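Structures for review follow.
Across the two complexes that follow, subunit A remains constant while its partner is subunit B and subsequently subunit C.
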Partner chain A sequence: MQISDREIEIFQEMINIGIGRAGATLNQILSTHIELNVPHISVLSLPDYLKQTKKENEIFSAVEMGFDGPFPGAAHLIFSNKSAAQLVSALVGDEVKNDEIDEIKSGTLSEIGNILLNSVMGSISNILQDHFNYSVVEYMEGTLKNLIERSFRETTLLIIAETNFYIQEMEIDGQIAILMTLKSFEIMEKAIGKII
Partner chain B sequence: MNTNYVIFDKISIGIFIIDSHYRVLFWNKVLESWTGISRKIIVGKDICGFFEKFQDEKIRSRLDSVFSFGAPVIFSSQLHKYTIPSRLPNGRYRLQQTMVTSIEDEKNKGIFHAIFSIQDVSDLTEKAIQYKHMNKQIEIKNRQLILTRERLIKSENNLQQMVDFTNDAVVIIQNNLFVYFNKAFVEMLKSDIQSLADLTFEDLQSEEFTINFATLTKMVHSGKIYKVQLDLTDQKNNTINVEAKFQKTTYKGKKAVLGIFMDISEKITLLKLLQKEESDNIKKGKLITICASCHHVKEFDGEKYTWVSIENYLSTISGKEISHGICNHCFKEKYPDYYEKYSQTHKSSHKSDDGSKKNKKNF
Partner chain C sequence: MKHILIIDDSFIMRNWVKKLLNKENFNFIEAANGKEALEALENHNIDLVFLDLLMPQYDGIFFLDSIKNKNMLQKIIVLSADIQDTTRKKILSYGVAGFLNKPPKEEELQRLMNNILV
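For the complex of A and B:
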């Protein structure tokens, strides 16, 4: 599937607006200053995405929020377990281990993910002037394949936004992934076409 | 109040509903119990009048996404502690995980209300903290264990260095084989490491006197140090007299025998020389050897050595007869009662023990 540069620009814009809002909200509620940046966006098929990450067996932490409306899908905030532990440690000042699943880690990441995903989806919803229904946010751990297939079985395309968190002189890498079917993506393209 | 909301009274989590003006539409039984604020009092009122935090911009800006486009919001216990302050019986605040979802107004489409579902996670958080604390303790113990192991390895290395420097031959025997031996052992047997590695404990001993490994193991496993003199054979078939000490030990986690060999070949040669010299002197009459216990005298009769009484010996060499008496000292010590009586009836000239008075009679 061919994605035009202009479309990528629009995605970038929508996500940047969302990320900007999320950053402002996070700085309001956290005692630590945090900066967010989305340097790169790509649109990939699921096999290409899995191939590109080259981390087939690595365990990731993800916060998922499903959405339904003109084009159904799911939005994910994904971290490697190491990055997730670093982020939570920096935010709550509590040492969190890479391989530890606990209430502190899941609770904190759920809220951070909720803020980011709400802002990004809110931005998409505003720009495309569409309304979505959202499911509740869920925290999950697993391989990328498991996380994506468990969340949205029909996934064929992913909009991947590399997201950098700058916090306490640390750069923590994450990804915002918007999972969609090909049909959903075409509907979204049409919606973007109307505003270009 | 919408009567459909009453179903939320059946759920064991705190639930309340507010509209976009922050007016309370519903307040469930759990929240009545947690806060002591009854539904009758709070429903229809602005929640900010009861809980100031709802005036806070950082809460309101989050809730905007619920009211404007129905997106759910989470307030985690980690970042907010609680949404509705309520104390536990122990006086602490109840830690709460809050999920805010939207519900569309029945009459006005596109108008969303916010449903707060509040889960009490105090116990869960407490357990998570305890678990973390426990993990930290285990980690500290593990670190200490690693440190102790490192120290042990270091001290084992130091010990090995010391053992390598000692003049005594030190070995560790396991299953009849020398699994460890120091430089002194190699030098004592005038051998090399490779040859010794293939030898058994029994191979090293001379044929005349052998302790097999089974006996040795039995002796040391009683827990005592087993001392024995052994004759070992070096690579050039020379006999080495050794004084050996054995005790049980463990080597690489398995039972073993620690052996220390002291070469006493020179000592034994010297002893033999001394014995020969003594024997020669006795034969020549230059030396009289008296038994330290019975005072018999060692005599060479031309063929063999015999032990004879000192009386016989003196009589033979002097040609005089021998008689027996008792000195004052022995009389006093052996027969004190007689001595006392005797002293009183014979107050005439008597020599004292120390010889200071001259007018006492000798026996």
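For the complex of A and C:
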């Protein structure tokens, strides 16, 4: 499937608006200053995405929010396990008791995912002048293939936004992935065509 | 003492709301979903409600639809991460006191609270 530079530019703009809002929101909630940016966006088929990451067996942490409306799909915030641990540690410190680590990690990442994914999907919805219904965010761990298959079985295309978190002079890498079908993508292209 | 019901499945957001209001003398009651919240409404004399929308099992819309005493709607401030214009319009049509995106600005929150807690 051919995706034009113009379309990539529009995705970048929609996602940047959402990320900008999410950054401001997270700064209000968290006691630590956090900056977000999205240096690169790509649209890939599922096999190409899995091939490109070259991390078939690595376990990732992800927050998933399903959506339905003009088209169905799911949005993910994905971190390597190392990045997830760094992010949580930077935000809540090292004072967490051992028996609380899992709950704090999933709770913190879920809330960050909730704000970030709502900001990104909400910006897309507002720009397209449409409405999505969301599912409750869910924290998951697994290989990329497992995470995507568990979340939205019909995934054929992914919009991948590399996302950098800057916290306390640390750079933590993550990804926002919007999972959809080819048909969903075509519906979104048409909706974008109406507003530009 | 005023009784404030905080309905949110995220303990981080419940704690955050409590922290924001800590300087005031409030009694906080917490609920993680709409069903727990309805039970809390029956068991306490609630002065103000902070309501999240997206929660497992029984969500914020379920809670709004289930409220029998319609005067209670005017004591509800919806706090949601959902920034869609369509969601804001739908929620305000219930007649709630306010709809604020998470996290609300302190002055906005204070203004709405002052209107409710007269």
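Before moving on, here are some points about what is shown:
Definition applied: the second predicted complex is superposed on the first by the 189 of 196 C-alpha atoms of A that agree within 3 Å, B and C clash if a C-alpha of one lies under 4 Å from a C-alpha of the other, contacts with A are read in each partner's own complex, and residues count from 1 in each chain.
To be clear about the criterion, a contact is a pair of C-beta atoms (placed from the backbone, for glycine too) under 8 Å apart; a residue touches a chain by one contact, two chains touch by 3 or more.
Please read all numbers here as calculations on a predicted model, not as lab measurements.
In the overlay built on the shared chain, the residue A:Leu158 is in contact with neither subunit B nor subunit C. When the two structures are aligned on the shared chain, A:Ser123 is found in touch with subunit C, with no touch to subunit B.
Of the two partner chains placed by the overlay, only subunit B lies in contact with A:Asp102; subunit C stays clear of it.
Of the two partner chains placed around the shared chain by superposition, subunit B and subunit C are both touched by A:Phe132. If you count the residues of subunit A touched by subunit B and by subunit C, you find the higher number for B. Residues 25, 28-29, 107-108, 110-111, 114-115, 118-119, 122, 125, 131-132, 134-137 of subunit A are contacted both by subunit B in one complex and by subunit C in the other.
Every residue of subunit A that touches subunit C in the complex is listed here, in rising order: 21, 25, 28-29, 107-108, 110-111, 114-115, 118-119, 122-123, 125-126, 130-132, 134-137. Listed in rising order, the residues of subunit C touching subunit A in the complex are 9-13, 16, 54-56, 59, 81-87, 101-103. Across the complex, subunit A is touched by residues 57-58, 61-62, 65, 68-80, 97, 99, 101, 121, 124-125, 128, 131-132, 135 of subunit B.
By the touch criterion given at the top, residues 25, 28-30, 65, 88, 91-92, 94-95, 97, 102-104, 107-108, 110-111, 114-115, 118-119, 121-122, 125, 131-137 of subunit A touch subunit B in their complex.
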